[in-house]
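Presented sequentially are two complexes of chain A, the first with chain B as partner and the second with chain C.
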Partner chain A sequence: MDAVAYGTVELDAGMKPKTDVQLSFRILDVIIRVTRGLKLGKKAYLFPYILVLPAFLLIGILALGILLMLWRGFHSFSPGENSEGGLSFDHYRELFFGYGSSFYLKTLGRTILVSIVVTLTSIMCALPVAYTITSTQNRRTRRFALIMLLVPFMMGESVRTIGWFLILGNNGALSWVTSFFGREIGLLGSIIAIWVGMLQVMFPIATLVLLPAMTKIDRDLERAARSMGGKSTQVWLRIILPLSRPGILSALLVVLTLSMTEFAIPRILGQGKHPFVANTIQQIYFERGNVNFGSALSTVLLLAVVVMVLTIGYFGKSRV
Partner chain B sequence: MKLSKVWSFTLFTLFFASLPTIIVIMASFNSGAAPKFPLEGFSAHGYTDLLSDSTIRASMVRTLLVGLISVVISMPVGLLASLGLYRYRIKGRGPIGAYLILGFSVPLVVSGMAFLVLYTRTGQMGSLTLLAIAVVTVNFPFMLLSIGSSINLLNPQLEEASRTLGAERIQTFLLVTLPGLLPGVLTGSLLMFVFGTTEFLVSLILSTTANQTLPIVLFGGLRSGLQTRHAAAGGIYIAMTVLIVLMVTRSRTLDQFLFRKD
Partner chain C sequence: MAFDQVTVQLADTSKIYGDVTAVNSCNLRINKGELFTLLGPSGSGKTTILRMVAGLIEPSSGRIFINGVDLQETQVHERDIGLVFQSLALFPHMSVFGNLAFPLQMRRVGRKEIARKIKEILDVVRLPNVEDRNVKELSGGQQQRVALARALIYRPSLLLLDEPLGALDRRLREEMQIEIVRLHQELDVTIVNVTHDQREALMLSDRIGVMNKGHIEQVGSSFELYRNPETRFVAEFLGDANIFDGIATFDGNQVVMATNTGKRLMLSNHSDLSEGMQIGLAVRAECIRLGGPTDDLGCLNQFRGSVSLRSFEGSAMYYEIIVPGLTDRLKVSQFSLGNDRFERGDSVTVGWDEVNAPWMPLLTER
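On to the complex of A and B.
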């Protein structure tokens, strides 16, 4: 059959790539003929939309889920009978004014507060790191730093949490090391532990987000400032920080959004004593089986994140 | 002098970031049944236990499947979408782009709940394929942005040359454009794989006993009592991540994205 298709071309091992190309050209011919026959030229403006369509549908699953979640938050639900009631604000009433409302509001407040502290400290750590990485022209040093930043971020939430548990927990590395100084320090179950655990993953992310903005800073400005007697603090406050503002803004947005949804670290390092919203949502679903109430709390979290993002965006733009 | 201060701070923070990685690797070789400090002795029994534990083995297979499904779905879909979005003129690029990275902008726990609500409605909780689809949707921006930055690296003159030499549009696309996008597709695939196999929160919300992936089993270990085999699973994750990070940092796509000047 091959011999018929390719006429005199003999199919030995060396010829394989060539016949592949020919085959692809044959397919191409068919495609070209088909596309010509359809006269797509007139509707070329539709082409990019057709390309985007599969992705649009894929993300549509998530979008649909979010819409359904919003809808369910506004409908009552009885877990026992697993039946859904009519339109109601019961869940929101319970969240904000009900018996347990102080717990939910406290959880939301804690999530926001700790996330803000983590975000600010991450950016403070990330700025010098991003600065040194973009300062060096040595590709090897850059790559080394990138690897050191990417591995902890990419190895996954559960492995990271195991690592911190083995450091901070009972029989952990920290209590072992500090026992030589006559005092065993165990941070497990404290807000400090949550902060340390979150900082460790968030500042590499902040650094990666800062890199493009830092790359764009003209290093001659800094040299000029130094040659005219500018001190390091002045160089940082007057040149580097103002010029890396867009990067700082994006880092704020990214780290804040990621921190607000933190789950494993508060659960394990905080020992459940300082739950975040994500922990409470999961608890509501797993222990009470109330999907609708969980949906309502998720909606509140989504709204909180959207409001914070818009606020940062607004203040970020207004001062340019 | 001042620079060295910044440098030492950088080195210190990089060490801080690697601390859990180092500890997990050390603990995974502990000879005791549980990972604890001081380490009791050197042994690789954690890694051999891993293979004899049927729960962990089954979850590893599922995890690999989720990673592979992530790549298989996101590669064609992401390639087409990033071409449509960044290569051609399209009205509403901003809103469409923002919509396609919905997985990044929505908090993960909310995405998880959204999928939970959807899957309970259709009565398909516990399906591994659906869990993988949820993971793909959430991680999709990694593929989109990787190929997107590759598209920005393309040299438009190559395509022009191909056209003027008489190639059909589709020929130019398949023989000139596509090979140029290969590094981006590769980087995106590696990222999709690694973030697919390590995905935790969405998988946890969607997990039943039938579709538990490795991160969920490890989290269960954290709650019920950590064993050395759990640390060993962490060690395998670290080895995989280091390997993939080494590959990703080799290609120009990541550098182009991180040190972009546009």
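On to the complex of A and C.
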């Protein structure tokens, strides 16, 4: 308020409204007078809310979309007229008990299982890397490791996935290497290919999420444990892992949710033979054009993710 | 020297970090059952030595023996060493019991035995019935005791203290110092303590090694170091000393030092002194007597001067005296009781007995 008032005083005193005053200044003057009239000073507590307004808008739109998705999922759909019908549980009945239910349930199960395996393996890989980065004294080594971690983020997921496509494909690098051992192995189109591809994407993310928690661990604790007779494995299990707990929990949440909604990797590296829920949703939306059924499946995926997140949150909290 | 009398031995041990020589070929013997203190300013290499002895860092060259065995031939976890860190390094995710049980679990001690030993060691450090408490709930002094208990619970023959008292306030620090002396007497353990606090070092130690810039300057008992510093650094680091530089000359039977400022100071006779030797003379602040401008103090070294500063320090009264031709800042410390008659600007007589002023060769600026 003070700053605003000061501005006007200067305008009033120094440059009395003359015609040669720049338009922008006159507009500013008007704005100042108007805002002064609004007595914003007394409403200063509103200011932080105004700052977060864009964020609220974005999230609001997202929430609207989710509500719309929920709404659509509970309404029937007639393919012939391509129009929405009345309130019904038809889609959920079809998903869980209908003719193709075994396919949908299998897809959901595969998504959950592979996501869990990817999450656990990427955290297992990320732990020693994050630990090394935080404990190294050499600044150059640390910077190099961080850059190596960030490089994958500079190219899109699809580019990296295509890279794996070339490696794992039937005439790719892997089969070329294994051909020297008498067998050409092409992993493309297998669950293992999906796992490798996802691991490569998720592992740097897990490492980055782990870093702040690991930095907080006092290195003297590890030295103390070693001086008291702790071997490396014992020091890891008893000291480093328990103290990395907050970081491991966040990494679990981030990697699991990202994996559950993975789309490109199962499509490209799995060759569509092992679809994830996201692939099936895409297929229902765009190939069958059944928006309502797709919404129902999306709701199921959302629910599955929420349940897993809540479970992790519950067990993560209970032992602190 | 027989090895069974030596617990720790450093042989030409050095540690170099890049361009920095943290420890420069140190030789040191620490005897069995001793309370030894490494004393020095920060960055003098004392913690580096301690960590090398603990096996947490490897020497760049030279060797370290513990009980006659080369450190490099053993793994950290095989060594019989207790270590207390400056940060204490208590495990924040464990209770006091968990912290104390850790070293025993690493040694595969049975569950009942662990409980018994924990009770026993908590009695030793006088902190009973805190097993179930979280370490974060304990006060600073209690945490110190838990850290000591954790390092002692497996009865190591060597206990290393990496300035664990540094962060405590004075009263608590003194309490813990007495505690350490008591534990040392009760448990018959060799203790190597690291500190930058000369008072702590003088109070606690059987012997002290004074360190400066990666060197061990002098090793000896508190009394030896204080009364007969061998180097200028030791003289300056322990207590308040006035140091004069000059050349030794013989005047009949009397040894005299001609200071660089042109004064003649009487020295106590010493067979090691030779004509023309460059030496430094250390006169402790509390060894200097103070009298009125016309008083005769009965000392061979006696000068007139004037008070430039007076400061009351509780038990002591601290003066700085300008002595023309000698120094413009002679530090004098007197009992405060009855010694407040001189004010700033007063003329005084200062003097000291030559036997109270040790000299050292002046090749000491490293």
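Operating definition for what follows: the second predicted complex is superposed on the first by the 278 of 320 C-alpha atoms of A that agree within 3 Å, B and C clash if a C-alpha of one lies under 4 Å from a C-alpha of the other, contacts with A are read in each partner's own complex, and residues count from 1 in each chain.
The working rule: a residue touches a chain if its C-beta (ideal position, glycine included) is under 8 Å from a C-beta of that chain, and two chains touch if they have at least 3 such contacts.
Please read all numbers here as calculations on a predicted model, not as lab measurements.
Novice: A:R238 in the overlay: touching chain B, chain C, both, or neither? Say first, second, both or neither.
Specialist: A:R238 contacts chain C only, not chain B.
Novice: Taking the superposition on A as described, I'd like to know which of chain B and chain C A:L221 touches: first, second, both or neither.
Specialist: After superposition on chain A, A:L221 lies in contact with chain C alone.
Novice: For A:F103, is the partner it touches chain B (first), chain C (second), both, or none of the two (neither)?
Specialist: Neither partner.
Novice: With the two complexes superposed on chain A, say which partner A:F315 touches: chain B (first), chain C (second), both, or neither.
Specialist: Neither chain B nor chain C is touched by A:F315.
Novice: Which partner does A:G229 contact after superposing on A: first (chain B), second (chain C), both, neither?
Specialist: After superposing on A, A:G229 lies in contact with chain C but is clear of chain B.
Novice: Look at the residues of chain A and decide whether chain B or chain C touches more of them.
Specialist: Comparing touch counts on chain A for chain B and chain C gives B.
Novice: Take the contacts of chain A with chain B and those with chain C, and give the residues found in both.
Specialist: In the superposed arrangement, which is not itself an observed complex, chain A uses no residue for both chain B and chain C.
Novice: Using the touch definition from the top, list the residues of chain A that touch chain C in their complex.
Specialist: 218, 220-221, 223-231, 234, 238-239, 242-243, 245
Novice: Along chain A, where are the residues that touch chain B in the complex?
Specialist: Touching chain B from chain A are residues 24, 28, 31-32, 35, 45, 47-52, 54-56, 58-59, 61-66, 68-69, 72, 125, 128-129, 131-135, 142-143, 145-152, 154-167, 171-173, 175-176, 200-201, 203-204, 208, 211-212, 215-216, 232, 257, 260-261, 263-264, 268, 277-278, 281-282, 285, 291, 294-295, 298-299, 301-302, 305, 309.
Novice: Flag every residue of chain C that touches chain A in the complex, lowest number first.
Specialist: Touch list, chain C to chain A: 54-56, 76-79, 81-83, 85-87, 89, 91-93, 102-103, 106-107, 150-151, 154.
Novice: State the interface residues of chain B toward chain A in the complex, per the touch definition above.
Specialist: 2-3, 6-7, 9-10, 13-14, 16-21, 23-24, 27, 34-38, 73, 76-78, 80-81, 83-85, 87-90, 96, 99-100, 102-111, 113-118, 120-121, 133-134, 136-138, 140, 144, 168, 170-171, 174, 194-195, 197-201, 204-205, 214-216, 218-219, 221-223, 226, 230-231, 233-234, 237-238, 241-242, 244-246, 248-249, 254-255, 257-261
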